[in-house]
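Input: a single structure, listed below in structure tokens.
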Amino acid sequence: MKPETTTAIANREVKKGDVLSVARVAGIQAAKRTSDMIPLCHPLLIGAVSINFELGDDFVEIEAQVDTVDRTGVEMEALHACSTAALTVYDMCKSADRAMVIGELTLWEKTGGRSGTYRRFVEDEAVETQQPVEEV
Amino acid sequence: MKPETTTAIANREVKKGDVLSVARVAGIQAAKRTSDMIPLCHPLLIGAVSINFELGDDFVEIEAQVDTVDRTGVEMEALHACSTAALTVYDMCKSADRAMVIGELTLWEKTGGRSGTYRRFVEDEAVETQQPVEEV
Amino acid sequence: MKPETTTAIANREVKKGDVLSVARVAGIQAAKRTSDMIPLCHPLLIGAVSINFELGDDFVEIEAQVDTVDRTGVEMEALHACSTAALTVYDMCKSADRAMVIGELTLWEKTGGRSGTYRRFVEDEAVETQQPVEEV
Amino acid sequence: MKPETTTAIANREVKKGDVLSVARVAGIQAAKRTSDMIPLCHPLLIGAVSINFELGDDFVEIEAQVDTVDRTGVEMEALHACSTAALTVYDMCKSADRAMVIGELTLWEKTGGRSGTYRRFVEDEAVETQQPVEEV
Amino acid sequence: MKPETTTAIANREVKKGDVLSVARVAGIQAAKRTSDMIPLCHPLLIGAVSINFELGDDFVEIEAQVDTVDRTGVEMEALHACSTAALTVYDMCKSADRAMVIGELTLWEKTGGRSGTYRRFVEDEAVETQQPVEEV
Amino acid sequence: MKPETTTAIANREVKKGDVLSVARVAGIQAAKRTSDMIPLCHPLLIGAVSINFELGDDFVEIEAQVDTVDRTGVEMEALHACSTAALTVYDMCKSADRAMVIGELTLWEKTGGRSGTYRRFVEDEAVETQQPVEEV
């Protein structure tokens, strides 16, 4: 991602609108419709969804957190939210920066449920705690 | 992705079903519904969609190709198809391999349209020509 | 709304079909898909939905009632049902009466839930009790 | 609508997020999915959609403009966009201001198409020209 | 289908509502969303849809007609409309008549398009001309 | 259905792809979205869905089984899954065999729920036990 692109996003100067704001709504909507798009995902009633963005020099980091009281995990909902938010960022910036890459989408942490708590590497978690959190 | 996972996919031994077959359908359906999920995408009538998979030792490479005769580009449809197919692979294999990463989603080539032809680096294209193509 | 329009609706003479019958189905379907359309609405499982119409001289009054046993309120579902039913009436009558206005959509009564019972002004409620109720 | 509510919207202090930004996305998405919700609406490919808001002391005025090159009118798409944007404003502000009323949804101007140009009363149009236009 | 069931449908006495009216709306909506449900169906813009019902002693005959100016056939849209209308009839009558069978769904006639005109057996067509046509 | 068609399906030689595999995904997706398509169906959270196919000489038999822990029956979900899977088979084979008929869709067995167990005729059940079951 070009530094000009992240600067334009930060300054809300992208011609198609406020990128992070639109991407957040897209991510929330996607979380709710995950079982529509992923064939073997169970439909479930998600509770809170939050999508957080961190703007780097040449990247946008996206983190989604999804809660449920349902009988099954919601990691697919969180991944689908991130993925759709990232595609929305791409779509809104692509006329100025066609070579953007969407990368490294993965599960970070899962708690509760039958399969117990899962956490990715500790050094990554250190990065996570530095993220500003905007609650929707 | 663990080598055991790609082996299980190749041998159609994943418990949830034939992974690539389900992922292909998911990708095609996603291509058709891109403007439902990406807020500022124009609705358009896509023509042919093909989703191709290459199984590596520890990865699945996914390539989507979308055609249209409409007045606008379909790169978002192709990216959305790849992304949804990848999430479907993740979903079907996640109980055995939770640490999978979905990565490096990007536009490879775009032809036609007002903005002319776009191609990513030449050395990548060499890889592309080695892919087996399964037409849907 | 022109008196001719309400007369045509009452006599089932509108060319596009039986207006209230189609509007009722549209309202019920809309209630079920509220969280698809309103970004920050939680998905929930609604129970009974009833949409009732009262034909006046120059207006159609629409009332929706939605029940749920879920953990959250369903006023958005009821408002979405009314709004979609009203747009359906507009759509089916617009070729003869383009100047129709859809107005005064509001919450009438809410019972149960954490926030307790809410009721709009008492004098309005008197009108409500005169409505014929067609249960779907 | 309480003056406190419009002030909170203007200052982006509503707890659920940036109200007008979310409502704009909801309106655009709704315009694209009108034929899904209104039974006798034809599906069509809409072009540009813009949703504009004017904040008054105790109201939010919403105006949607939809273009198409298709064979039929898009007034239902514009009305559906306004209606969904208004419901989104209601949803995001309802915990603080339950008595809000959504009102006076109507067609303002339609140009092109077989049925020719339609304009609502001239004095209303004067108001329209004072609206700040935020293009999406 | 029990004769009591068709009588109840004809007299609009089914408890869940006016069966044919709801089934007609369901069929029209289904025609518009065919490519959402049938994976390899191309999305296309359908024009007029009409769903016609003939009530027999112990059956409801459903016929759908779909027009398009698009580049491809709409037989799947017509079959999907019939199928969904039939399921709606089943759903609304099932509490009184659980043993109903939905049967003999097939393409009757197709005109235009690259593959030319197709017509099913002539003796069946004789039946078709006796159907009352209710245009939506 | 022509014997050539069932042979082509069995040998995975149909030009549009692996028919039963695509039809299974279509059926599962349809089960999840039943209340979107059938107006008076309640939305509910389905659990496991399995779609099984038996290839005869000149027919494909489709059986869907749907489980739920919800408060209401899921027979509409099972019928919708079968119906959509059958339409998918039709769609993928129609260029070679336009005269196919989709027939005899009915409820086979329902257990649990307020209305008790329902079973269709015993002689049919004998056939059922011979079906190969492919679990998704």
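Letters A, B, C, D, E and F mark the chains in the order given here, with residues in each chain numbered from 1 onward.
Just so it is clear, a residue touches a chain if its C-beta (ideal position, glycine included) is under 8 Å from a C-beta of that chain, and two chains touch if they have at least 3 such contacts.
Remember, predicted model here, so these are calculated numbers, not experimental data.
Looking at the partners of chain A and chain F together, the chains they share are B, C. Looking at the partners of chain C and chain F together, the chains they share are A, E.
Using the mean of the Cα atoms as each chain's centre, the chain most removed from chain F is D.
Looking across E-F, A-B or C-F, the interface that copies A-F in more than half of its residue contact pairs is found at C-F.
Seen from the Cα centre of chain E, the chain whose own Cα centre is farthest off is A. We define each chain's centre as the mean of its Cα atoms; on that basis chain A and chain D are separated by 28 Å. If you average the Cα atoms of chain B and of chain E, the two centres end up 36 Å apart.
Chain contacts: chain F has residues 16-17, 22, 25-26, 29, 33, 39-40, 45, 136 touching two or more partner chains.
The touch graph of the protein chains shown belongs to none of the named shapes.
The complete set of chain-chain contacts reads A-B, A-C, A-D, A-F, B-D, B-E, B-F, C-D, C-E, C-F, D-E, E-F. For chain E in complex with chain F, the touching residues are 16-17, 22, 25-26, 29-30, 33, 37-41, 75-76, 79-80, 83-84, 86-88, 90-92, 94-95, 98-107, 115, 118, 120. By the touch rule above, chain C contacts chain F in their complex via residues 25, 28-29, 32-33, 45-47, 136. Only residues 16-18, 21-22, 24-26, 29, 136 of chain E touch chain C when the two sit together in their complex.
Note for the complex: chain F touches chain C at residues 35-36, 39-40, 42-45, 70.
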